[in-house]
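Each in structure tokens, the structures are laid out below.
Shared chain: chain A. Partners: chain B in the first complex, chain C in the second.
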Partner chain A sequence: MNRNLPLYLILPSLLLALFVISYPLYELINLSLSDVNRFGKVRGFIGLENFTYIFEDQLFIDAALRTVVWTVAVVGGTILFSVPIAVILNTEFYGRGIARTILMLPWAISLPMTAIVWRWSLNGEFGMLNATLMNVGLIDSPIVWLAQSATAFPVQIGLGILVSIPFTITIFLGGLSSIPIDLYEAAKMDGANLWQQFKRITYPLLRPFINMAIVLNVIYVFNSFPIIWVLTQGGPNNETDILVTYLYKQAFSFGHIGQASAVSIVMFTVLLIFTIFYARMVMKNEK
Partner chain B sequence: MKYLSTSLKSLATGVSLAVLGTTLSLSVQAAEEVRFTVAYYSAKTGPYYEALAEKFEKSNPEIDIKIEVVNWDVLNQKLTTDISSDVNADMAIIGTRWLVDYVEQDVAEPLDGLISEEMKQRFVPAFLSPGTLNGKVYGLPVAASARAMYYNKDLMQKAGASVPTTWDQLVDSAAKISKIDKTYGFGLQGKEVETDVYFYYGMWSEGGSLLKKDGSSNLASSASVANAKRLQSMIENGLTQPGVTSYNREDVQNLFKQGRVGMMITAPFLVNQIKDEAPDLNYGIAPIPSGTSRATYGVTDSVVLFKNSKHKQAAVKFMDFMFTTEQRAVFSSGEGFLPVLKSVSELPEFAENDAVKTFVNLLPEARFAPTIAGWSEVADITSNAVQAIYGGADAQSTLDKAQKRVNRVLGK
Partner chain C sequence: MSITMTKKTKRSIFCWLALSPIICIILFPFAVMFFTSLKPRQEVFSFPPTWLPSEFIWQNYIDMWHATKFGNALLNSLYVSFSATLITLLVAIPAAYALARYNFGAKSSYRLFLLITQMLSPIVLVVGLFRLIVWLGLIDSVNSLVLIYAGFNIAFAIWMLQNYFHTIPKDLEESAWMEGASFLQGLTKVFLPMAVPAIAVTAMFTFINSWNEFVLALTVLRTEENYTLPIQVYSLVGGRYTVEWHHVMAAALVASLPAAILFSWLQKKLVTGLSSGGVK
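Up next is the complex of A and B:
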């Protein structure tokens, strides 16, 4: 058998994938190096001017730093919550099916829709969240959550975590079901308590799945647009802007297609570098 | 060889089918199709234009008008995308403040040679001028509004406050009304479209302006700072609704409709909304309070003809029909806008309507958004600075910083 046969077999889909990825990328690089008008007409090559423009823009720098906070907080929070939830859902208990369904439900609702519902819940005048907190007695007067970034951004992070959990749990449940039960039985025989079982068996065997969840979630969350856009549009005073909302405003509100393409290239590069480094690091550890 | 002949045969069939198709479509499409992108003002907009097109087609069977209704939020974006891929409609309604971008990029057709002098004379001059650039008419006003102060008569009476004519009196009245439980004296808009405009009212009253004589930003003028400090102290003293930066214009209007806000500044269309949604609300309309000068904000939307349209004559013919007294009267009263045609403003329905009169009387003082490329970005920078100030930031330094950013956009 020809050793290269497998390569030939995947060649068609490889070429298709390459084309689908590289053509837009080529166009994007082109736009980012050009003077482009609001209607997408290229007026000429201007080198790196679009890049210098965005790097001189304080709002871009702020948005970039905030994107890091946003990504780390949402992905970190998601993993932190998802591991124990997945472990619990993996044990046998009465009503586990219902519990799993309830936790998966948010996934079935589109992200903008979830965000719109939360915008109502967070309303300062008649929002459900304020009403609940006041009933419980945690606050005396309503808080207008989205009026200042100090409350708006944490709420957005919380919502980001909430909607990332179902996907992450799904990955973890898959991972947990691949761990043989006899390992736990043996550990119990040796007198290991639950925490020791988790630390010595569950966590190490779940590790590859956690890594996968981190990479995939970082990519999703870094690029995530609906939550922030629907709740605050990056406001007030650009204080909840992340790169993707900054990009959207540049492209569609101000008609700076060139600058927006430059932002897009920067985001792509950051994600690419992250993914490569992380994949390398993880692979090394696994060897 | 056999393969070749089959493919030739199929080619021949294909060609004849294509020819047949063309002739068929030619005979069906005898009418000239004019596509018109219309902005959504209310649920009445679509049906109004559909009926208008139908009436027009009856007397002009050779022209077929296709109406496409698009929401304001996405209108500019849709038009931009359509234009860049060359599939835009023949004519469209746009915000007049976008016109300068369209003219600069050479996508809007000047109308001077196409419309008659008589047609130009039909319009109220104040509303035609924003659509005129470099001496040429590019946009005909389809909707016009100014801003005035709405006030709740019951709340005023209950609080023993009077309708303010100056900003000092407004602060005073707001303080009195705010003492009533669960009501706020002055409704202040703090997010989304026109947040900057809500700030300009007070700035203009103090004698401020958007631009200096040399065309650079005048956002950090003493008038602007004074206005910023006044609004800031109103927020701090609880004379506005709490959390202003989470209220867009509709949110504040809703508070007003619920009778929870004493005063707010907005457009004439709130009259129609109140009529439908809060008919018992006892309110009045007064000019925007003055300081050292008086001012209001004037806004027009324009219908433009695109340069790449292949049906310009037919489109202009439709415009001619659209801007007749009878058709415009239906629109202005239905949507609650000010009449743009002189003849319509003389109709008793408008000439004897107190609300309309209040707004029309303000027009001589109305200021329009300057026709400058990139104005939407300037408005965004200003809105963000205003939000920072409403959130408690130092007025002078925030406005200084915003002025610098605006000047960068303006290239000054």
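Up next is the complex of A and C:
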């Protein structure tokens, strides 16, 4: 057996991944330290000037803070809803298969499509959301949801939660299925009620899966672009911008390639920190 | 017996009641898509809006197909997703086999590398990716998407495949080799047939990921004949003065159905796949 065989086997995948990910990363580092014109021509090295520019830009600071709110709210909301949903889906009841399929549906539709359909549903005049809410008497007059950040951003957060739930309950269902049923039977014998069973058995044993879901969701949500882009493009007045939409506008609307690259590098660093968390978690679980 | 039955019935009612709010929210956009897509044009913009169309205009779907150049975008999406999936599998299967079967020095560092690439999404690297595509001369070409989707899907595909490959007993290929089969024969005649279900599931995930990708396609594709489905449908909404919402909803529904059906079918395999290794 050739000793190098495993290396030959991984080589093609390594080369492709390196090419598609490392070259752009190298370019980004270069560009973030350069004076670049709007057509992407590099005019020279300028050190950290692009970074000072973005850190002095109030829109960047606002977008960064909003990204924190966005990430914490979406991930927090997702976990909060997903735990009880997963617990319910893990109990046996009639039609469980159908319920599971329905709850997975948001995952099956691409984010841009979901966002497009919601953009229409949220239309102030003709949207079905206002019509439905007025029919059931929850609101008296139509709300123009996407025209003001005070309603647009919470709606986007809600949508973010909705589309993150399927992935999260999938992780939790995997975790729940590994909890031995005897534990619950023993607890019932000892007279534990449902809440005590959850607190003493389900929650502690689900904890590693919750941690994993938090880290993975933070990474996905932090990077999530289509919901905000399709619904408001970060508007009105940049009031729903998060870092990814700010980055995209800097690069492809204003032609600020150097500054956009600096934003990318900042985001990459944040992601790297989370990846290290994740890697540690995976390695720990593997042991 | 009858007591346990009633218990389960009670529990079922409770479970469905508890799930009903979220189920309503999940099904809401599907209802909006379905009913809007079948409304006569003037009814789409009538106030106050109603759920049911006064008459069901199935013709909308045929009109949409022509007006939105749906067929062309569909072909582009199919081409991109199939090619990206094929390339991903071609490079991921050998790598996953190596990780599942051999112990070698670079193994743990390679897994770490995969983990890091898995965490990056195209949006973070979008400026650099754009430069890469310019450098390759592939702006406005769907082939640039094939290459990049394949690159970004590798990590996930290897991860998923090696988890399944672990479960296939090693003795099978080894006994084939003992009986004089060549290395490749052992793999293609004995191992790969066993691995078909795993490969199929991984392929479908790669396919769906590529099918749904938005940011890069939005950035790279410039002319309508090269648009993939998400971009084509988005272009009907973004920056338009009047939006033909009944066409947009019909297009969104038709574009979403294949992935939705695949997904509901895959759902069970997914739970076992993720829990049997990916997460643990």
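Operating definition for what follows: the second predicted complex is superposed on the first by the 250 of 287 C-alpha atoms of A that agree within 3 Å, B and C clash if a C-alpha of one lies under 4 Å from a C-alpha of the other, contacts with A are read in each partner's own complex, and residues count from 1 in each chain.
To be clear about the criterion, contacts are C-beta pairs under 8 Å (C-beta built on N, C-alpha and C of every residue); 3 or more make two chains touch, one makes a residue touch a chain.
Just so we're clear, the structure is a prediction, and the values are computed from it rather than from any experiment.
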item	value
Partner chain in contact with A:124 - chain B first, chain C second, else both or neither	first
Partner chain(s) touched by A:248 [first = chain B, second = chain C, both, neither]	second
Partner chain in contact with A:144 - chain B first, chain C second, else both or neither	first
Partner chain in contact with A:81 - chain B first, chain C second, else both or neither	second
Partner chain in contact with A:237 - chain B first, chain C second, else both or neither	first
Chain B versus chain C as contact partner of A:24, first or second or both or neither	second
Contacts of A:226 with chain B and chain C, given as first, second, both or neither	second
Per-residue touch tally on chain A - higher for chain B or for chain C	C
Partner chain(s) touched by A:184 [first = chain B, second = chain C, both, neither]	neither
First, second, both or neither for A:94, with chain B first and chain C second	second
Doubly contacted chain A residues - partners chain C and chain B	40, 125, 233, 252
For the chain A and chain C complex, residues of the former touching the latter	5-10, 12-14, 16-17, 19-21, 23-28, 31, 40, 81, 84-85, 88, 91-96, 99-114, 116-121, 125-129, 131-132, 134, 162, 165, 170-171, 173-175, 177-178, 209, 212, 219-220, 223, 225-226, 230, 233, 244, 247-248, 251-252, 257, 260-261, 264, 267-268, 271-272, 274-275, 278-279, 282, 285-286
In the complex, chain C residues that touch chain A	8-9, 11-12, 15-16, 18-19, 22-23, 25-33, 35-36, 44-51, 87, 90-92, 94-95, 97-99, 101-102, 104, 106-107, 110, 112-117, 119-121, 123-132, 134, 147-148, 150-152, 154-155, 158, 208, 211-212, 214-215, 219, 230, 233-234, 237-238, 245, 248-249, 252, 255-256, 259-260, 262-264, 267, 270-272, 274-276, 279-280
Chain B to chain A touching residues, read off their complex	77, 80, 83-85, 101, 105, 107, 190-192, 241-246, 255, 374, 376-377, 380, 383-385, 387-388, 390-391, 393
Interfacial residue positions of chain A with respect to chain B in the complex	37-41, 123-125, 142, 144-148, 233, 235-238, 249, 252-255
